[in-house]
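Look for chain A in each of the two complexes below; its partner is chain B in the first and chain C in the second.
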Partner chain A sequence: MEKLLEIRSLSVDFRTPRGRVRALREVSMVVPKGKIIGVVGESGSGKSTLIWTIMRLLAVNGTVENGEILFDGGNVLEFDDNRLKGFRGEKVSMVFQDPMTSQSPVLDYRSQFTDILYRRTEMSRRERLGKAIKMMNRVGIPDSEKRIYQYPHHFSGGMRQRAGIAMALLMDPSLLIADEPTTALDVTMEAQIIHLIREARSEFGSTVMLVSHNLGLIAELCDEIVVMYAGEIVEHADAHDIFFDAKHPYTKALIACNPALDLEMEGQFPTIPGDVPDLHQSPAGCVFAPRCAFSDETCSKERPAYSISAGKHSEVVDHSVRCHLYCPDKGGKTKHDLTALSLNAAADRTRSEIAHCDEADELLSIQDLRVRFPTMGRIKALAEGVDDPFIDAVYEVSLGLRAGETLGLVGESGSGKTTLGRAIIGLNGVHSGSIKFKGSELVGLSQNQYRKVRRDVAMMFQDPVGSLSPRRTVGQLLTEPFLIHGIEKGSQRDQAARLCEMVSLPANFLSRYPHELSGGQARRVGVARALALNPALIVADEPTAGLDVSVQGEILNLMLDMQAAHGLGFLLISHNLPVIRHVCDKLAIMYLGRIVEYGDCEQVFRNPAHPYSQALVRGTPQPDPTRRRQLVSIEGEVPSLSNRPGGCEFHTRCPYSGERCKYLVPEPSLLADGRTVRCHNPLAE
Partner chain B sequence: MAANSFDRPMRPAMEKWHLFFRNGQGVLGLILVALFFASAIFAPWLATHDPTKLDIPVRLAGPSLDHWLGTDQLGRDTYSRVLYGGRVALQVAAIGVSTSLLIGLALGMIAGYGPRWLDNALLLVFDTIRSFPTIVLSLAAVSLLGPSLNLILAVVIVTSIPGYARLARTSTLALKNSEFILAERSLGAGSTRTLAHHVMPNVIGPLLILAAMDIPVVVTIEAGLSFLGLGVLPPTASWGTILNEGYLVIRTSPWPVVAGGVPLVLATLGFTLLGEALRDVFDPKLRSQR
Partner chain C sequence: MLLYIVKRIGLSALIIFFAVLTLFALLNSIPGDPASIALGPRATPEVQAAYAEKMHLDKPIVIRFLIFAGNVVRGDLGSDVFTNRSVSHTLLEQLPYTLTLAAAALAWATLLGIPIGCLSAIRPNSWLDRLTGVISIGTIAIPSFLVSIWSILVFAIFLGWLPVIGAGDDGDIVDQLRHLILPAFAVGLGWVGYLARMVRASMLEVLGENYVRSARAFGLMNRTVVFRYALRVAILPTITLIGIGFGVLLSGTVFAEIIFSRPGLGKIIYDMVLARNFPVVQGAVLVTVALYVCVTLIADITVSLLDPRVRENL
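Entry: the complex of A and B
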């Protein structure tokens, strides 16, 4: 095994006003040539610090305390400026998480590409351009001769990320570092990018270091996996060994928490109790000990050493793990039966317990809802002779939700799911159709009349911290609903304390500000605030986006508990299919503002009837390295709303589309199991 | 209202002051501003002479035990004139800036948060006001209504409102569609509540800085107008008149210019430092970064 890059006991500190943060502690790893190595960890695990240290791009308050990074016979940390220039970009290049912010918005791709080639003075301008176009072609950007003269804002998210990968590959680097390359993308785009990275490896023989929190992505792509926790590497092994023979309790917990696991999981989500430790002091013992189900006294006092054994699934890669359980001199401990690792053993919360109400109790019923946005001013439209200066964000949508039920609304970005959610609570105007809540019509209510509705319908927004007013304390935020609606129920402080307790936040959080909360804590405040007035319906827009998997489980459990206790109806908007599968009773799949499939959640997942549903269901990367997909499920991207395809909207990307699909809009048809689907040739009867 | 019982008890004001006093520059600013206020308020007790009393024989004298900062070209005591001049400056600065800040904040938030037509109408008004040079506007006003301190104040307020309003409007527009504002609306909060409780605290920070920086500008406007004979009428002392009269005799005696200029510089510095320190203390986000 040839080493491309070796990191030896690297320690990095950050100076902060509250003292030193030991962000990385004695991290050692080898990146072998020609492999894809995955670095997994939750937020705060130090995975970003690691890559910034490799690139020598640490923030000014960060210092390398110890260790070396060996590359090409030298220590990267000691490279002079000249050698560093050759190292960055030429030897090692990066693909960033968000292509929108990592590409210059004021330069066209031609100048961005040729800028990267500035050190190749032997190449003429024309040769450089030719090379750039060739590379764009290779990553699957059509018409690259023309498109290279366009700017990043002309490209869609997926195309932009392709261009980002092309830029990274342009100098033929020996190491490609990809930092969460698909996190900002939709499921179908993610599948395409995974495919592209795999191709790049086989075509260019690049070595890839993939940093992600997404276990599915890591399982799809990586040969070797490094698991990081709180600034340390806790386990390093072959991908198969990690997924089938994980040793460290943290790795096991992380894998168990992933909702994409194809288990028939009903009831509670597994979670990892506790929080990531405060790294202001270096922990005396094992970093994971406070949250570990197997920890004992030794764990919290002594730092475990790496114990290395031969990998079960690989002869080349050793399986090293930093845990006392596997220390040879503490042989007695290994008799723990680790296979029966119970993570907050699932309490049986069966769905039937929740009293399903009969038809009469329809909580929310939407009929033929249409929401449209103007694309230009009225006068401009008149001047330019445009008859219909509108786009339909939500088009002929009909849905129903009963008390105690959870309806999932799934679609890629631009499908109109958020608009639909906001229309229900009256934040968006409605063009036509009807929204009935508990039998009374909401469309056409004035803002004043809507206030009463908002006592009964609460909304949770995507960004856990950003949806809390930044200058208000948690206490003020929690009592706000009572003040708005003029409800005097005991003292405000008692109310806030009660809500805090309900979502199990400590009472001293009442005086904190939103930016002092972690994502999970802020989300708890959001849940508490949504529940403050005992609403009947909660519209939750991506309630777990931006949360780590271990926290995601906690929030979902909390929401399910609240639903069971109060008989709430939930409308859950998400692009995360695994979560939806575990939580929802009914599922609606949206594409370009239309519902293409609507029905029982489990049925849709088992046997999707619409080709788009099928693509979404199959598109989720599974945390299982033996089930790597060979083919991309659907090609292309979501068309723009202003350019709605005629006939069936999906026909441009549909692998099954026929002649009829191109001009005839399919009407919703009813399947035997009660699902409705908008397709001429449904995949299920 | 029993509202927001969390304001004080849970996060005591003490903590904010504690944070403030850790900031050395802020304390310096506070001291300078306090000195400015004290000297202006207690001018009658601190002054050694009547600021308007002429004493031609000792004109343009240097500092002495009797005249601490010397005398001007008419033999008036410069020290006492500086103290009384501070009163005029304080009046114009405090009243002018605070009034325009409040009006500008309210109009700006309404323009940013309200309907489009209102925004356009208000912007037109702001831009119209801004297109008049301040001096020309005051000349016109003075020739119509006659010179007075109140008129200067009115001109200062009207001409500085658009600056605050535009700043408040821009920040409000940026906040208007942020998730926490949508979240408030989804809870049923009305526009007044949203603006007062959620938009205002996030918008006011930059405005306070602008106000602190505006105070010296306002003081100079007053000085300039007084120089032209359109503001404070002689023999009333103001820093502007001291400076401008001193300028004429700077070759014979530099003392009046120094005595008029130094307090102006110190007051400017004090307000600037204080403004920045207050911003840091009242913005919880900035606080955690320090």
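Entry: the complex of A and C
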């Protein structure tokens, strides 16, 4: 095995006003040539610090305390400016997380591409342009002779990321570092990008270092996997060994928290209790000990050494793990039965429990709802002769939700799911249709009348920290709903304390401000605020987006417990299909503002009837390296709402579309199992 | 791009139209008989009647506005009450002096302020950054008329290096330039600090953007990253600010023109207000407004040339 890059006991510190943060400690790894190596970890694991150290682009307050990074017979950390110039961008290149913010908004692609080629002094301007166009073609950007003169904001998210990959491949680097390359993209786009990275590897023979928190993506692409936790590598092995023979308790827990889409799961979501440790001091023992189910005294006192054994699934890659359980000199301990790792022993929640509400009346009933947004001012529309300057963000949507039920709303960005959620709580105007809550009509209510409704219908917002006022304490935030609705219910302080306890936040959090909370804690405050007035219905917009998987389960469990205790109805808006599958009873799939499939959640996942549902279900990467997909499920991207395709909206991307789909809008049809599908040729009967 | 410029020019024309309307309304709302105001208290009734006739004071207000606006469009801003010279003629004589002064002040302020801002943003909290920070705040705080007086004291009186009064002899470029230095220094000084702080702030923000970091990760030269990727974006709010701040700059030239006895729009407005020579004041104000609108237009077009998102969003 040829080494391309080797990191030897690298330690990096950050100077902060609160002291030194030991962000990386003794990280050692080898990047083998021609392989895809995955670096997995949650936020705070140091994976970004690692790649920026390799690129020598650490923030100014970061210093390398120790270690070396060997590349091409030299230590990258000691490269002079000249050598660095030949390294960065030439030998090693990067694909970035968010293509919108990582490409210059004021330079067209031609400039950005040819700027990268500045080192090729032997090439003329025309040759550079030609090479850029060829590379854009190569990554599947159609019409690149013309599109190269466009700017990033002219490109859709998926196309922008393709351009980003083209930029990275332009200098034919020997190592490609991809930093969360699909996190900002939708499922169908993600599948296409995965395909592209795989192709790039086989065609250009690049070595890829893929950094992500998404186990599905890692399983789909990587040969080897490095698991990082709190600034250390805890396990390093072949991909199959990690997924089927994980040794470190953290790796096991991480995999358990990231359920596969098709895994039947009863009961609560697994979580890892506790928080990532404070890295202001070097931990005395194992970094994971405080959260580990198997830790004992040795674990919290002594640093474990790496124990290295031959990999089960690979002859080349050894399996190394940093855990006392596997230290040869501490025999005995391995007899722990790690397979029966029970992560959370809380009460079970079964699906039958939810079914008890069948007799109840509909809590929410939406009929033919239409929400339109103007695309231009009236004067401009008049001047430009546009008679209908509107787009339909929500188009003829009908849904129903009973008390105690959870309805999932799924779709790619731009499908109108957030708009629908906002329309229900009266934050968007409604063009036509009806929204009935407990039998009374909501459409047409004045803002004043709506205020009374909002006592019973609460919203959990997408951005947990951003939706909390930064100048109010948690206590003030929790009692705000009572003030708004003028309710005197015992003392405010007692109320806040009660809510805090309900979502299991310590009572001393009442005096904290939102910026002092972690993502999971801020979500808890969001849940508590939504629950404050004992609502009957909660609209939750991406309640776990941006959360680490180990915390995601906590929030979902909390929501489910509240549902069981109070018979709440949930409308759960999300693009995270595994979460939806494990939490929802009913599922509605949206595409361009329309519901294309609606019915029992399990049925939709087992046997999707609409081609788009099928694409979403198949497009989600599985945390299982044996089930890599060879083909991309659907091509193309979501059309713009202002350019709605005629006939069936999905026909432009549908692999099964026929002549009829192009001009005839399919009506919703009822399947035998009670699902409704908007498709001329449904895939299920 | 062309469409953007056309639209933007259309908007500017609309603004000037409203300026003309406002000016007309203001002049018509001055209490008393316009003829006696315009001609002063010592005019005889015959002269006043003749003036009223000439200025169409007997006609309805709408007609008077149309005549006024029509004259403005044709470049006829009326005539000087005392000398009977064409106002536009007088103003055209004065305009170049003000323009040169404003342009010179702005030029040296930009050429110094923007690099200072850039340098301090590239090395934040360095000694250079701290030093320029203190000096910048100082120059912003000192009013330009004080700078004028002090610079006269130092450079003209004690050192005797530069002339003080007037704008220099016609045709003698060197002499004119020598006369330009002190007023341009006085008017521009505050702007150096202002621009430096402004550029520093936006540059610091842009240098932290992801695309700057990606440009570095692609191995681009530091020079390319700083100027092409960062400054090009960081400069945009500064250009808009210069456009808007040009109005303030023009009022700065009024002081400078008075103190240095330079001819120019500011000087003429000042003199003619004191002399109650309203047609000239009115014309000068109108020209100033037009100048201001033009500069804002240029600033907006420059921004749209640098930023594609702006030109697509009007």
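One rule holds for everything that comes next: the second predicted complex is superposed on the first by the 674 of 685 C-alpha atoms of A that agree within 3 Å, B and C clash if a C-alpha of one lies under 4 Å from a C-alpha of the other, contacts with A are read in each partner's own complex, and residues count from 1 in each chain.
Everything below uses one rule, namely that a residue touches a chain if its C-beta (ideal position, glycine included) is under 8 Å from a C-beta of that chain, and two chains touch if they have at least 3 such contacts.
Keep in mind it's a predicted model, so treat the numbers as computed, not measured.
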Simultaneous placement of chain C and chain B on chain A, clash or fit: fit
Touched partner set for A:D98, first chain B, second chain C, both or neither: second
Contacts of A:I116 with chain B and chain C, given as first, second, both or neither: second
Which partner reaches more residues of chain A (counting touched residues only), chain B or chain C: B
First (chain B), second (chain C), both or neither touched by A:R529: first
Following superposition on chain A: angle at chain A, chain B versus chain C, Cα, nearest 10°: 30
Partner chain in contact with A:L107 - chain B first, chain C second, else both or neither: second
Touched partner set for A:M167, first chain B, second chain C, both or neither: second
Touching partner for A:D72 - first (chain B), second (chain C), both, neither: neither
Which of chain B and chain C A:R451 touches, first, second, both or neither: first
Which superposed partner A:D600 touches (first chain B, second chain C, both, neither): neither
Chain B versus chain C - smallest C-alpha distance in the overlay, whole Å: 7
Doubly contacted chain A residues - partners chain C and chain B: none
Partner chain B, residues of chain A touching it in the complex: 17, 422, 425, 427, 447, 450-452, 454-455, 458-459, 461-463, 466-473, 475-476, 479-481, 483-485, 491-493, 496, 510-511, 513, 515-516, 526, 529
In the complex with chain A, residue positions of chain B that touch it: 1-7, 10-11, 178-180, 182-190, 193, 197-198, 201-202, 284-285, 288-290
Interfacial residue positions of chain C with respect to chain A in the complex: 209-211, 213-221, 224, 228-229, 232-233, 306-309
Partner chain C, residues of chain A touching it in the complex: 55, 57, 85, 87-90, 93-94, 96, 98, 101-108, 111, 115-116, 118-119, 151, 153, 167-168, 171
